[in-house]
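Input: one structure, supplied below.
For reference, chains read A, B, C and D in written order, and residue numbers begin at 1 within each chain.
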Amino acid sequence: MLGCGVLSSVRQGLSRGLSRKVGGWATGEGRKVDIAGIYPPVTTPFTATAEVDYEKLEENLHKLGTFPFRGFVVQGSNGEFPFLTSSERLEVVSRVRQAMPKDKLLLAGSGCESTQATVEMTVSMAQVGADAAIVVTPCYYRGRMSSAALVHHYTKVADLSPIPVVLYSVPANTGLDLPVDAVVTLSQHPNIVGIKDSGGDVTRMGLLVHKTRRQDFQVLAGSAGFLLASYAVGAVGGVCALANVLGAQVCQLERLCLTGQWEDAQKLQHRLIEPNTAVTRRFGIPGLKKTMDWFGYYGGPCRAPLQELSPTDEEALRMDFSSNGWL
Amino acid sequence: MLGCGVLSSVRQGLSRGLSRKVGGWATGEGRKVDIAGIYPPVTTPFTATAEVDYEKLEENLHKLGTFPFRGFVVQGSNGEFPFLTSSERLEVVSRVRQAMPKDKLLLAGSGCESTQATVEMTVSMAQVGADAAIVVTPCYYRGRMSSAALVHHYTKVADLSPIPVVLYSVPANTGLDLPVDAVVTLSQHPNIVGIKDSGGDVTRMGLLVHKTRRQDFQVLAGSAGFLLASYAVGAVGGVCALANVLGAQVCQLERLCLTGQWEDAQKLQHRLIEPNTAVTRRFGIPGLKKTMDWFGYYGGPCRAPLQELSPTDEEALRMDFSSNGWL
Amino acid sequence: MLGCGVLSSVRQGLSRGLSRKVGGWATGEGRKVDIAGIYPPVTTPFTATAEVDYEKLEENLHKLGTFPFRGFVVQGSNGEFPFLTSSERLEVVSRVRQAMPKDKLLLAGSGCESTQATVEMTVSMAQVGADAAIVVTPCYYRGRMSSAALVHHYTKVADLSPIPVVLYSVPANTGLDLPVDAVVTLSQHPNIVGIKDSGGDVTRMGLLVHKTRRQDFQVLAGSAGFLLASYAVGAVGGVCALANVLGAQVCQLERLCLTGQWEDAQKLQHRLIEPNTAVTRRFGIPGLKKTMDWFGYYGGPCRAPLQELSPTDEEALRMDFSSNGWL
Amino acid sequence: MLGCGVLSSVRQGLSRGLSRKVGGWATGEGRKVDIAGIYPPVTTPFTATAEVDYEKLEENLHKLGTFPFRGFVVQGSNGEFPFLTSSERLEVVSRVRQAMPKDKLLLAGSGCESTQATVEMTVSMAQVGADAAIVVTPCYYRGRMSSAALVHHYTKVADLSPIPVVLYSVPANTGLDLPVDAVVTLSQHPNIVGIKDSGGDVTRMGLLVHKTRRQDFQVLAGSAGFLLASYAVGAVGGVCALANVLGAQVCQLERLCLTGQWEDAQKLQHRLIEPNTAVTRRFGIPGLKKTMDWFGYYGGPCRAPLQELSPTDEEALRMDFSSNGWL
């Protein structure tokens, strides 16, 4: 098990821009939270009758709390947030806040399709204890989501949010890449602290780091499959579904990157690619939850219309872990 | 102005499968509603402060009520449903029910991301007066929306819906085409009566008609741009954004198709393509609402993050209508 | 068997713009060939050792010559032209010229990546007997193939070609849709007579017909799957891989469309969609050639890297024909 | 200027698998060439009348020969190979062979659409002096280019090639990604030594390195935009259009990566992203050639249908270099 203290001092030394943010994170008066580090995007456990199982949620959190994560993302894509009511979304965040270690960050997904609803959800998320809001791009009218529209949307949200805002671009779900020029513009907003980029285009990520270098703005990789490469181009952490099951390994990969042990980092990264793809693009949340069951967490069922894996898929999922030595 | 009586007898004579549905539409006991005809997907008017403007909604309905539409689609993509609260969605449907002519159909969009929420919204839509529910494919987890998952989703909704269900595939918004095999399977459900297909792939539409020919199942074109071609391959009507502004013309195109006046139909269709693209793919709902303002309806603003058209876009929009003789 | 005479008088009466082209087709002095009608895109037969089998080619042509086709497309995508040497391309066209009926048109594919090579191939195609050149969009540098670049390319080719030029847009192979504005510009060139559009977007096809209505410019459907719909929006024929095996049926569909028997046309069109998809998008040229073997033509092997169908695929291919009553 | 000696010893120490290839590169008997390093993909200069300008080609080579490149790629996508005749392709390679330093590698693009033509071109490329053949995926029939078809194609080429074969996947041009499983299978062929991967998906590149780790198989990045990230995940070099104009800088980036100076590498990488995108995806070969003119090489015109940059584009191109301090 990796110690959190080591990592946090490593982060102090190596992360881009850290020297600009002395004394830890804070909100208000233009000061920004430092979001560098690894986050599992927490899944939402359901009972057999599709109720949110808050008890299992807390149990999972207690187990996850032992790893040197920077914090937790709640209501990200892996949290099945589009399947939750507004009150469930808030209650889940509230419970996680209570169950998780005090020194870690809680990033709460507060994105909705309309700007107004996003503002309201963001304010509510702050009220139930979120440290920052992670806001997915609205996407249903993607044909009209120009840079100007997205800048307007995020600016409004950030203006009215009592907590810092993290942009969230996840084209596999939204069919929309938050344009580089929009990110650059938004990085200048005093209440926007970074982006979670799940697209996997590392050229783009490098460009984002480069063009926001004069801002207090941090880039997080949205998946463990390109975590090493993301660190290499200047990202400061990752929100990794895989960290829900291989938490120690993802944190170790972070540490190897931050301490410059690139050869070992590369070997570890290689062994994480197939498992990561399996619990994300290949088998989605059903795959992630099935794997959680294997690794001592509560995965359980998804809400419909997400379906359970077929036995064939389950076997392929297992192979993606076992062939890399994780099962 | 076209008389509704003519059209409805034309529909009786020509629409596929009508002979199987004697005595008008009804629900329950496996009997199905006949949805053949033209529908404007009603927009949701907002005040300057982004409140739903129910008065303007009713005024628009009164004007639209004079055309020989088969009915109205409420809470389709053009209704900005993702920007409305659940209670707004229901209130809008309720108001439309009261404002519209009694003899027309009200198809209410009730799709949500989760199966359970969709069921609940569908039941509620029935309670406020919808004649049928039009259910968009869930899409956020499109990577997992296999045919099996979608069949499961729609079957559950149709099982529990007190009103007939119309499938709704709109890949421009959802990034997802409801697969042909899923549609064919679902066409056998006693409470599923048809599909609104907005993809514009007329080969696919012909195949849908062909492979569901032994079912009481009807195909509606999701846009006026390919309405003539859709009739040619066996569709029985259309849900056409353009009908919000050129209602008489879209109904005339229907009549020309149903009475076999293909040469005139073709000429009219040609003149509708650019205006149609302008109020859909090219300029979206902001373009549609701007055009409504020009044509004597209340268009008004959209909710954010949708933005107003720039002056340049507005000029191009105007050209798409004027160059075809509509302005 | 349908008589060609009937069809040709039907075409005289109904095809758009025919009245402007009295006295049959001709080249030079701005007069244009009338390309209305159905064309099979001829396959290139190979021996077991992958040599062009000119004898089998001639035998196929003799059989195909009995149908009321307007002519033949040689070196279209189905002719495996990218696998032939320049001299093979010319020799195949030359042989087809000799083997085919004198009163039919020979459209020869002469597209190459560079403008200069396309010009040279077009001139050579004319020398070996082509009546018109059908010129696919260059595509390897599709990122740079702006409307301006494509207009420049086709203008140069048409300027220097001794025979009329037909534009050819086939995004499934090229990843590139010849833009509408480029087509409209090019339709004004005295030596450009039409377009073969294989994309299947019937809204676009209607718009092409509409916006070129003041030119001598004809639109051909590039596939039998949307042939009826294409006629409905103003196309005047089709280049249909399926016509290599169901020649009578595709010609019958043409006749039903041209004589306004839309109900029968629709029924026939429906039964052709799956077989058409099977020999195009689904199983490609290997599927088409396999089917030719079944229908009394010589199909034979493709050149590598195209592979033979697996037994499973072959069974699925057979089903697509038998389930529609063609086998 | 960086010395080649330093780099080559660095490569000896750090490149994956180098220990297995003692004594330099060689062909035959299962021994493989070591392709680690940086390569400019040489452009083909044309005169004002679109003839190949062999003199300018040689002049460019003499200038490029002063950088510590591992070698040169000739007839890659940037060489406009689809616009050259077969004899021009060979003559260009022959001239480059004579003009370039003896100790460097010449990788010659020999891909054609058919397997047979590719084999013949590969043999010819060997005869005019190529050290290895770099073979782009056939793509016109991409719908049929299954893993099996591609494995068959490359196996045949590699079997019959007198020189080692490098796979080449460039989806921006071909619309086709050589599938991972095909690459893994092909990596076991004794005459296939690596892949140039231009897709930019670094997760995929890491997986390729991981799953071919037991083979003598090397991965080259196909663009300078993700060169650092590629090294981080185990690539051993790159074929970089940008190296035609910023040769010293790309080689410096290589050296920084190979010597573990990741912080400096990151800074340099950042400044190369926009210039790299400008001469590849954004402005293509016309952009690259224009930039070559600025940097003391001969760029000159492209063959049609590639067009010159507009003044506006040229200004934007200049900005992409000047804003990063290169002009």
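The criterion applied here is as follows: a contact is a pair of C-beta atoms (placed from the backbone, for glycine too) under 8 Å apart; a residue touches a chain by one contact, two chains touch by 3 or more.
By chain, UniProt protein names: A, B, C, D = 4-hydroxy-2-oxoglutarate aldolase, mitochondrial.
Everything numeric here is computed off the predicted structure, so don't read it as measured data.
**Q** Which listed pair, C-D, B-C or A-B, reproduces A-D with over half its contact pairs identical?
**A** B-C
**Q** Distance from the CA centroid of subunit B to that of subunit C, rounded to the nearest Å?
**A** 36
**Q** Taking each chain's centre as the mean of its CA atoms, how far is subunit A from subunit C in angstrom?
**A** So the centroids are 51 Å from each other.
**Q** By the touch rule stated above, which residues of subunit A touch at least two different other chains?
**A** If we look for residues of subunit A contacting two or more partner chains, we find none.
**Q** Classify the chain contact graph as line, ring, star, complete or other.
**A** Topology of the interface graph: a ring, with each chain touching two neighbours.
**Q** Of all residues in subunit A, which touch subunit D in the complex?
**A** 200-203, 206-207, 209-210, 213, 223, 225-226, 228-229, 231-234, 260, 262, 265-266, 269-271, 273-274, 277
**Q** Could you please specify the touching residues of subunit D with respect to subunit C in the complex?
**A** Residues of subunit D touching subunit C: 50, 77, 82-83, 85, 113-117, 138, 140-146, 148-150, 152-153, 156, 172-175, 281, 284-286, 303-307.
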